[in-house]
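Next up, some structures in structure tokens.
One chain, chain A, appears in both complexes that follow, with chain B as partner in the first and chain C in the second.
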Partner chain A sequence: MSSPALGSARRPWLLLAPTLAVIGILLLWPMVRVVVLSFQDFGLRELVRGGAELIGLQNYRDVLTDERLWRVALPNTVVFALVCVVLTVVVGTLVALLLHRLSPGWRTLVTMAVMAAWAVPAVTGTYVWVYLFDARAGFLTGVLGQLGLVDVATQNLFTERGWFYAIATLNVVHHGFPFVAVTVLAGLVTIPSELPEAAMIDGANAWQRFRHVTLPMLKPVFAIVTILSTIWDFKVFTQIYLMPGGDGSNREVLNLGTWSYITAMSQNQFGLGAAIAVLLTVLLMVITAVYLRTLFKEEEL
Partner chain B sequence: MMRTSRATRLLALAAASTLTLTACGSDDSGSGSGGDAGSGGGDASGETLTVWIMEGTNPDATPFFEEVSTAFEEETGATLDIQYVPWASAHDKFTNSIAGGTGPDVAEVGTTWTPEFGDAGALMDVSDKIEEAGLADGYVDSVLESGTLDGAVYGAPWYAGVRSIIYRTDLLEEAGVEPPTTWDELVSVGEALKESDPDLIPFPVPNSTHTTTPFIWGAGGEVATQEGDTWESGLDSPESIEGLQFLESLAGEHDLSTPAASTWNEADTRDAFARGEAGMIISGSWTPKSIVEANGDLEGKLGVVPIPGPDGGMSPSFAGGSHLSVFETTDNEDLAWTFVEMMTTGEYAEMWGEQTGFFPATNDLLSQLEEAEDPLVAPFAQQMLEASATLPVTPQWGQVEGAQTIPAMMESILGGKASPEEAATTAADEMNEIFGS
Partner chain C sequence: MRRLLGRGGLVLACVVVVVFSIFPVFVMVGTALDPAANAGGRGVIPSGISLEHFGRVLSETRFPSYLLNSLIVAVVTVVASGLLALFAAVAVARFRFSGRTKILMMILIVQMVPMEALVIPLFLQAKTLGLLNSLLGLSVVYIAFSLSFAIWTLRGFVAAVPVELEEAAYLDGASWWQMFWKVLFPLVAPGLVAVSVFSFILAWNEFIFALTFMADDDMYTAAVGLRTFFTRSGTDWGAVMAASSIITVPVMIFFVAVQSRLSSGLMSGATKG
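Up next is the complex of A and B:
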């Protein structure tokens, strides 16, 4: 492998070529296409007959001046993602700490139970939550009614923005925490037991041991799960689209993902939909970049 | 390493929306089931015609199409590959398949979508073929017109249906009331039903377009009107708003609906009725059969009455249906038309009508049904002939449906987020913006 001779400069590229080709075809080309699309006036007619007109930044101007972006889609996307990421990571970490303390037999059992939540496809999981919160027959709606939190006779939770996203949060966190739990657990088992033991002898309580021993050691793990959760929760689509009203009939619950899809696919404004998708991507890139930067900066200290 | 994985994930994210364009709807290339194409003496043996049919119209669609396939193979030698598409995802699926060039040869297209896809160039103009086949006067005018744009015919009329009120005869009898013939009676019948059974939803008010428009038209309003080349929404006219206010009062003031219904579409409403939870619903002429099929206990307990007008008479309801359209991308124009003609006229059109409860779209067959005295057919036929309406025949209408303008309006009214007047104004503005683009 380390032979310095013949064509050594070219060889790595040769070996990378298949991977690059696949990435280029499956990822790069569609992305370029979306970006180009976002500068075009592209409707159903152009889709069939070709010949789309370049209209510069018009689509972006339309999106950025649409009050639906600022009042609905952006807040829904950002706040929802923020809440979901925090909850997913916290719940996942707590479950990981629990798993770490269990005996091997119990650990297997609980891990399997946790995995079940992960294994359920998003579509199925969403329908289960929708069913549980159904305005007439939903079990959890009934419970909330008994608690006096909901007036079952007049309220349909899905029509209210706050409730809609509360239900979506439950769904997404429930679906997302097992990944965090399993990843953090994998990190936890790599911490030598001497460290927490030494801390304990020094009189550190559970929180202090977590804060000053576990957390610093697992920093890269938390970085990974937080970034991945951020990306997933920002671009959440299925779980929103499939809820009652999420497909566009309730305008208050649009997020950037569903708004982009509905604009492009249901209204055939492909250029405008692509512009929304590009904005979502840029937003996500900025957030991830800022996050990684702070992370690496701290590490250098 | 991490850098790459982040980058690729971001790329994947950005690519997602394009991928849906190319990844879906590419399921027409597989060979059909059953490989024995030995029989038949036609000139197209060995060829396969791919056809998309909407799911759920005919509860016995499979045996029906098996029979059609056999007959078609005998006549032409070609095999039929019938694929079922759910209504809810059909519009997106059409769009995706057009983008990917993976469309079928023939598809059932909802009458309100035909102008949109036709105008975009996805469907073939079949006016010559209709002329050649001598069918120009054979098809029911209104259904033919809804697929006609600037003289080009983008779909052959296949079947049509209309909506009326389906009610529970047993529950009305128990409550001691007759089916409603005015809007006031709709309220009083609903209140009587509620009194005799407080758990019942007397008259659910969903957010669906087709359960909303009868009240707009009934009050004298219009969804949209055409002036020259441009369309203008009529949702915010005083008449339309009056109709919407009445509809809102059914759910609000008179409490005849349920909060859950504000996110229901027509199918959800029908499901609730089939479970025995509702007393009266607005539902299509094709639905009594599937309701009884879903719940055998309702056999013999269904009645139908045309949707009443404010002070008697009838409120018009949407006469919808389907065209069979030939896709522009087909390699088998003539074969495709042979299939369309076979399905839309004569024996199979009649059989389809009998099995689905839809009205055939040829004049001959429809006039036969006029004389039918079936209590589950006659009131629908009356509504079809005397009080049916169509939605704007413009390529933009598909976009209005895609934007869910009317369901969004109803959802905000029923959810108490806007008054009928406010919601109607917002919806009218949105509709006008789409018409203007």
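Up next is the complex of A and C:
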């Protein structure tokens, strides 16, 4: 702003100071600290007495040579996240396309229901799914039993890695699709209705109209919802931790987030836990960077 | 294709979406009201309606004090992060200074840092500073994590206020701070409502820091306090669902109301121009 009335050159910094202090102390410094920790042997003794020995890459060596990383935590994180992102974006987009076709009254009604799904906290939502898939007594366990997929009398779904993560996927997709639906709908209403109509006159079917008109126009919107879903689904913690066995008692269902947390908080191996957290963050940053590059190529901020 | 997705198809699709969306909440509230919730039934339709689980949770457990803890943390977070974010948003939306873009990018990138990755260092930091087991310590963490989104959102609202309005205030002899409180603040109020809803929900629902910071069960927030209903002798599902309903339903009504008003407001604003 060139207006002299807007005040001194110091004012913006004055206004930013509290924010920068909070971000610096509570986000940037801990980021440095977690990296430093990952090079330290930091256990219960160091927690009590302070001071910790630098041990170089030992924690990383321990994590990267642990077969639990390659056989359990990494697949549980990556495969789960990919499935969740694809399902969340597909379901969310389908719901957005549905909402777009509805009359205003119906649209409000269905949007409110979708919002209700969004508003359920991860904690209470997870408890409901746990209740529904409870061994023997759960309603959905019973449904799966009726379908012949599960032996209700003997099977506990939460002890089996595949079922555990299938339930977690249902939970995460249910929690995540409303954001995609609402965001994509906001994009859809900006597309002038002449465009799909013109495509229809040219004989394009519904899929072709979506593929060649809607998708290219909403590319930035899809990029955003995919990036955010990816970030969220890679670092899922609460939904896993609160499921039976997810708090570390069943080692087969650990993902990077819960493994890092349990290593640090339950086993007091803060250095090792930090190394796992750093690996998870680096994985996330690489994926985000790839997305952002494609995004910023097209649009200046 | 057109016929397939005709009126009947649309209605069916709506029903599927609505049922899928509200199913968990329906089960939650239904079980909370079902007097036979702990009898081991398999249905999702309550066998009767009774408030006994709510009564038990609110009078015989420590859940009410957990609710109060959550409320204190959420209110502190909303007020502090709203104010800090507004100041920062005005700085980046209204002033051109060197480093502005860098700060904006820093704020954006910081938001990408997973909260979960910082649990370990923040736990150690809070321990050193004596902020474990403290509602303030927890609030401060939530303020940090809600700031970035709040700044980016408010930046848009501040930028949308015409500079002429500010200049008119200066012509009337207002100082910068008077202009800020009398002109800018009321005009970005809808934006503040939006970010308040966001930070309230973040603080109200957050689990991992609340779990890590609060070792003493007097200081549990509601989301963490639910764990106390899972005991060695079995789970009191009636109590879990009643307490979950108390946590979930008010926030849900609030969220749905504000969100629909907000999006209709944004839509009308967008088409008016």
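A few points about this structure:
Note that the second predicted complex is superposed on the first by the 271 of 301 C-alpha atoms of A that agree within 3 Å, B and C clash if a C-alpha of one lies under 4 Å from a C-alpha of the other, contacts with A are read in each partner's own complex, and residues count from 1 in each chain.
The rule is simple: a contact is a pair of C-beta atoms (placed from the backbone, for glycine too) under 8 Å apart; a residue touches a chain by one contact, two chains touch by 3 or more.
Everything quoted here is computed from the prediction, not taken from an experiment.
With chain A as the common reference, chain B cannot sit beside chain C without a clash.
Looking at the shared chain after the overlay, A:G245 reaches chain B, while chain C stays out of its contact range. With both structures placed on the common chain, the touch criterion links A:R33 to chain B and to chain C. After overlaying the two complexes on the shared chain, residue contacts for A:R101 are found with chain C alone; chain B is out of touch. Shared-chain residue A:V278: touches chain B and chain C both.
Of the two partner chains placed by superposition, only chain C is touched by A:P121; chain B is not. When the two structures are aligned on the shared chain, A:R209 is found in touch with neither chain B nor chain C.
Of the two partner chains placed around the shared chain by superposition, chain C is the only one that A:V22 touches, whereas chain B remains out of contact. In the superposition on chain A, the chain among chain B and chain C reaching more residues of chain A is C.
Contacts of A:N156 after superposition on the shared chain: chain B is touched, whereas chain C is not.
Across the two superposed structures, the residue set of chain A contacted by chain B and also by chain C is 23, 26-28, 30-31, 33-34, 37, 47, 136, 231, 235, 260-261, 264-265, 273-274, 277-278, 280-281, 284-285, 288.
Here chain A touches chain B in the complex through residues 23, 26-28, 30-31, 33-35, 37, 43-45, 47-49, 134-136, 152-156, 158-160, 224, 227-228, 231, 235, 244-245, 247-252, 260-262, 264-268, 273-274, 277-278, 280-281, 284-285, 288, 292, going by the rule given at the top. Taken together, the chain C residues at the contact with chain A in this complex read 1, 5, 10, 13-14, 17-18, 20-22, 24-25, 27-28, 31, 40-44, 84-85, 87-88, 90-92, 94-97, 100, 103, 106-107, 110, 112-125, 127, 140-141, 143-145, 147-148, 151, 163, 166-167, 170, 176, 201, 204-205, 207-208, 212, 223, 226, 237, 240-241, 244, 247-248, 251-252, 255-256, 259-260, 263, 267.
Across the complex, chain C is touched by residues 1, 3, 5-7, 9, 11-13, 15-16, 18-20, 22-23, 25-31, 33-34, 37, 47, 95, 98, 101-102, 106, 108-125, 127-129, 131-132, 136-139, 142, 174, 178, 182, 186, 189, 205-206, 231, 234-235, 237-238, 241-242, 257, 260-261, 264-265, 270, 273-274, 277-278, 280-281, 284-285, 288 of chain A. By the touch criterion stated above, chain B contacts chain A in their complex at residues 2, 6, 8-20, 22, 91-92, 95-96, 98-99, 116-117, 119-122, 207, 258-260, 262-263, 277, 328, 398-399, 402-404, 407-408, 411-412, 414-415, 417, 434.
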